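After the structure tokens below, expect a handful of questions from me.
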Amino acid sequence: MSLSLFVQLLVNALTIGSIYVLMVLGLDIILRGTKILNFAHGQLYMLGAYVMFLFFQALHWNFLLSLALTGLALGLVGMLIYLGVFATLARRFTPTTTFSYRLLLSAMASVGLMMILQQGTLLGFGTQERGIQPPFPQIIDSFGVRVSLMRLAIILASLVICVLLYLLMNKTSLGRLMRAVSYDPEAVTLQGVNTFWVFVFCFALGSALAGLAGGIIAPVFSVTPAMGQDVIFLSLLVLLVGGIGSYRGTIAGGLLIGLLLSFGFQLLGGVAELFVFMLVIVILIFKPGGMLGEAAE
Amino acid sequence: SPAATPPAPPAEVKTLKIGASLPFTDSMGIDTKKALEMIVPAFNQAVGLTVKGQKYNLDFVIYDDKYTADGGRAAVERLVNEDKVQFIVGQIGSAPIVAGLTVTEPAKVLVFCGGASDKIINPNNKYVFGTAVWRTNLPPLFPYLKQAFPNAKTIVNLSPDDETGKNLARDNSKVATAAGFTVLDSVYYPRPTQDFAPFATKVVSLNPDVVNFPGTAAGTSFGLQLKALYEAGYKGALVSPMPPNLSEVLSVAPKEALEGMVTIMPPTDVPNPSSMASQYQKDWTAKYGQWSVASLQWIPAFYAFVEAVKKTDSLDPGAVASNISANGLSWESANGKAMLVKRPDYKNNRFCDTVSSLNFGKFTNGKYEFLGSISAEDLAKANEAAFDGGSWK
Amino acid sequence: MLLKINNLTIQYGKAEVIKGLSLEVSEKEIITIIGANGAGKTTVLRAISGLKPPASGDIWFRDSKISGLRAHEIVRLGISHVPEGRRILAPLSVAENLEIGAYLIKTKREKETAFQNIFDHFPVLKERMKQLAGSLSGGEQQMLAIARALLNQPRLLMMDEPSMGLSPLVVEQVGRIITDINNRGISIILVEQNARMALSLAGRAYVLEAGKCVLEGEAGALANDERVKHAYLGG
Amino acid sequence: MKPLNKLTQGRGKKLLAAAVVLVALIILPLCIESDYVKHLLIMVCLGATLAMTFSMLFSTGLITLGAAAFYAVGAYASTLLVMNAGLSFWLALPLTLLAAAVLALGFGAIFVRNAGVAFVIITLIFAQVVVLAAGQLDFLGGWGGIIGIPRPDSIGPIQFTSKLSFYYLALAVLLLTALVFQALYSSRIGRAWRAIKLSPNLAGTLGINPYRYRVLAFVIASIVAALAGSVYAHYSQNITPDAFGGWLSIYIQLYAVLGGLEFYILGPVIGSLVMIFVPEYLRIMKEWEPIITGVLLLVIILFFPGGILGTVKDPPGLSLKKFHSLYNRLKTGKKLDKSS
Amino acid sequence: MPLLLVKNVTKVFGALIALRDVSFEVNRLEILGLIGPNGAGKSTLFNLISGFHRPDKGKILFKDTEITGLRVDRIAGMGIGRIFQEPTLFMQETVFENVFSGLHRHYREPAWKAFLHTRAANREEAVSREKAAEILEFMDLAAMRDELAANLPHGHQRSLAIAIALACEPELLLLDEPVTGMNPSETAVMSDKIRQIRERGITVLIVEHDMRAVMSLCDRIVVLNLGEKLVEGTPDRIKSDQRVIEAYLGKQVI
């Protein structure tokens, strides 16, 4: 394998891997904070791409501004979804409700949401597929290595988002509250915290991350209603491989899957995806809790 | 306007229910539905269908098949057993079509569908006809390519990893080899892929003179493939056996990425489009705004159906099927003149699949450059020569 | 009057678990609620802190009605609740548990003094700041739970069975802490199975049986009441 | 959950009710002319069978999204055995079930250890692996699937050509499954499953091996799913990998939730009946159908969390009192998001 | 021959040595107390005996058979029942069902017969119903047999936990803080129950902080401190042991 090819594959792997990292960090925050396995996460990602299209392509706003606003917009969408759907559902649960029951019902509610968001976008935004002209269309071509500047920018931006998220979760009181609430909301309420809004924030933050993932990748991909449909499967895979509830695990898992898919395809062709799935199953045989996760339950 | 014309005396016009199943969860399905909803009322208004002196208004019952086998089966079950349709006109996606065939064949329901795989156009099936031109449009493409790039010798197919993609890649390879190219490999990507970088990297590392795109959906997916190839440093020739949806392609790919591509041109973009094609485009834009090339793709089935019934002068699906199976059919549609052909390569010796006149162009400097066209008859001949065994006509 | 409960009734589904309870706490007072298992002691505390909305009756704190407010609003008014079973946040460090306890403290300066106060009371917590709260022993966890509640700077502290599961030595220590807190002017509602200890600490006591208050009065007097002796002091 | 001791009370009445339902189910298709409705009923039988397997695993505390995988295994194995090895359907069936059992044992033995979210995702991934394998491996027919699958051979005078005969076949599968599952639930095996669901630790100290009981449930569920898959293949006469994707598992799950999770047998039946027939009758909504289905789903989950049967059995108290308190809260401007 | 022999057992959690070289034995039909300050390792020891954790060093023998590292259900199957420190019940089941589910080990007919509901299996099940009722009667829970376990007050949940453990027909019963959260009169009732349990032929190992109960119940007491065995002896000896008073009892008058 030539150096040029290697670098290209690596950059591809990191781009796609970092998108999965953002997706899965969001999925995980929602799962841990609010105990919702959100199947509609892919549709939030898709909405992120549409919002980005609106701000950046249609309104010609600055790229970073558009991206930040996309995150905010999807945070808002997430908040509305939580207030409209999951808050109502949460009121049905009592402290003795088993975890599996909560998990199942909220997952099913998210499937309903998924249908609505997906088809709603198709009907609302029309059948036309769109694209976003990348803000950095340049190709860096030196020493026989060709790398798209846009992809590098995506990797960098994801990195920045990951760092910000880490700081938010571990160095701020809000992050502390989110972790605390996922363990025992009632105990936190008794410290004078309105835990309801912490839940809302968890869901909004997770949605914002999905939106950022969609918005940031939209200039490289295209914007279609179906784009969120299948990312959920690989996202769940990454969540599991990395280890549920592990920040480092999610990042490692996302990058690993990116690398496996990128290099696997080059070396194996069409069966690469099958191979990656099988490999993941093998990993899970030896590491039931994921690579860096704690106990599985 | 339609309201101004005096309505025909109602007692004399009967209504004929025609079925269709389309994926409503997909833009292609919705565009096809919109197309039918546009051309069918216009057809009723203008001429209608007259059989044995009786005039019929066509009433299309269109159901969602969700692009899945189970969805297709349920839709067809309902069309056949509940709505009692005897003609199903306009289906896309091989999974729902194949699933529906288990219902339509025993019930002797005539089907004009978009799929043309050997699982559909199959000697066991008597009442199904293919009206898509994916396979049969290949043979003339490669000579045009040769003409445009005299030094090109090797070719790689980039194709979706599904039934259609695999079959088309195989057929394309056969035709390309016959035209004197060496096929290096076929690279398959899963249908929903958006990240084409790995595939483009792979294609480039094979270092072909030509990249061909059998079975690619003509919208942004195609654009993303072109962009990925461009970014991966591909400099060779490009050939597309499907008319690309230019506005969608160019919304994701820079126009340099398309430079020099030899392609089949949509009938609306040739220098002198047929009146039917221009009218269609005009009506569409008036009714729906944004023009969709893709909407043209699946409607030849409708024109074929009308012609077949007229020619047989019967509404008995069995009679229509045996008539056109034995004698063939030719019709005019917005896509140009088309005719039924036999498929000896599928061991199917009845008239069952379609060829239609085609236009070829080359993409230069952000625009199509018209290269030439081929008539349906010549196309049938070319197929006969390229696919071994038997006569297509 | 600091806290006043009038004719409180609480239901779980159709079952009435508190039936017309009235209760008062004055400033700087320790009262205790004793009663058998399932008498409804925990339920009363949960009603006061807003975790369980009552079916009827009302609760007044410093002359404003608090029944109907939500739990976090009630904490802000100055009522802290050390819940049954401690409920510390096991996967967070001791320091983080305390930070969450200090959620309502706005300025940095106040926070520092509050923390200093806590460490004066519970020096062991200072040593354990970095440790995960879940790995503390039961006694240390109880201290953490009390410390966390004190950080809300309450006027009224409610403790649900603070001695539960603690070794005798630590129970003694908890007793000292309770007196200490009270000496600083904080009123306390103590719910205890260990009636002996509760009655020795409290000024007044209420005896709850099946959701009804059957006896109330001076703690000292109740400790000598035959019925109480028989039922709750194992005498 | 219904107390067990109540389940066995009034047995006679129960048997009578079951007999009436049985007769109704047998007569029902004779009163229906439309082959389309019969087709839907066949799909309901198969869907309900699958949803019952989901409920069975849920009764042990596991949430599976892998029912589609074993449905596919059943369909493909039986198809290959009949078409390539030339076996009769009736001979291929036991072999198919055996293959599914072996596969389920292997998979279950490894992955049943991971309860909770991890199991949900692993089974979903497994379903995707099966689909990918079927699509990628040519001897399994590739993405185009397999067509021309023969109908089951006739047994004596019973021929499997009409929809009616397939309805009875699918109904037999459904009833057999219901019978077997009911026998399991009402025995100590079912009690052990429930114990594991409610507290695996406590179950362990009672001498119940949670792991083994869960593997047992997984294997039984998979065998039944494969049985349904095999009937499906020979009924639809063609199979494609897409038909068995992860979304199918999610739909199966919906059947069980919608019918009522606490009704392990009747819930899936009612749920699949509703989830198959309602969208069919929403076809008049055309492209709005998925949105309306989604909204209906949300409404049921949010406001009737006991599912359809749970709501029928125990109607939500839309009493004046409740309404009144709601009205009061709205009037006083209090938000409804109280955390209790 | 002792019923249970704990030999040089060590258990380490990361950097924390929860138990260090602990040895003691439990004789048949005695009530042995296990006491010690919070965090001494008592519950950890229970977890080792009942198979939830595996010791890092040392052996545990039950009826002369080594049970170190066996699975939880195997150990339960050999006749060791336990209750947990936190209330652990089948919360969404009724009191009766809780005990009925606990009878798992009672059945002799093979599982497939139970599945087929053969006459023998049905008879066995009827017997086990009666047995469950008998246990409820014994633990004074009969009046609330149809209540959901989650709705019971704390003390009754404790009784129910013991009832479930009894359903398992253990020879050795491990009780982790059975009277915690009970008032003295309830404690007295429960102590009485524990004596009756012994009279049913069950050996009891009990962890408890309520010294009145422990001293009155136990035949012998083992004291743990910081993961090590401090002393072992009769209640009278323990009460007056200076080290125990310093580490654990304090000045409390018992």
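A, B, C, D and E label the chains in the order they appear, each numbered from 1.
In the analysis below, contacts are C-beta pairs under 8 Å (C-beta built on N, C-alpha and C of every residue); 3 or more make two chains touch, one makes a residue touch a chain.
Just so you know, these numbers come straight off a predicted model, no measurement behind them.
The minimum number of touch steps linking chain B to chain E comes to 2.
When the partners of chain A are compared with those of chain E, the chains appearing in both lists are C, D.
Among the remaining chains, the Cα-based centre furthest from that of chain A is the centre of E. Centroids of chain C and chain E (each the mean of its C-alpha atoms) stand 30 Å apart.
The geometric centre of chain C is 49 Å away from that of chain D, both derived from CA atoms. Computed from the mean C-alpha positions, the centre of chain A lies at a distance of 37 Å from the centre of chain B.
Contact of a single residue of chain E with at least two other chains is seen at positions 91-92. Chain contacts: chain D has residues 136, 198, 287, 290, 338-339 touching two or more partner chains. Multi-chain contact residues, meaning those touching two or more other chains, occur in chain C at positions 51, 70-71. Every residue of chain E that touches chain C in the complex is listed here, in rising order: 13, 16, 35-40, 85-86, 151-156, 177, 180-188, 209, 211-212, 247-252. For chain A in complex with chain E, the residues that touch the partner chain are 96, 98.
Across the complex, chain A meets chain B through its residues 5, 8-9, 12, 15-16, 118-119, 122, 126-133, 137, 139, 141, 146, 148, 151, 220-227, 229-230, 261-262, 265-266, 269-270, 273. Against chain A, in their complex, chain C makes its touches with residues 49, 51, 70-72, 75-76, 80-81, 83, 87-92, 96, 99-101, 103-104, 148-149, 151-152. The touching residues of chain A, counted against chain D in their complex, run 31, 37, 39, 85, 87-89, 91-92, 98-101, 103-105, 107-109, 111-116, 118-120, 122-123, 185-186, 189, 195-196, 233, 236-237, 239-240, 244, 270-271, 273-274, 277-278, 280-281, 284-285, 288-290, 296-297.
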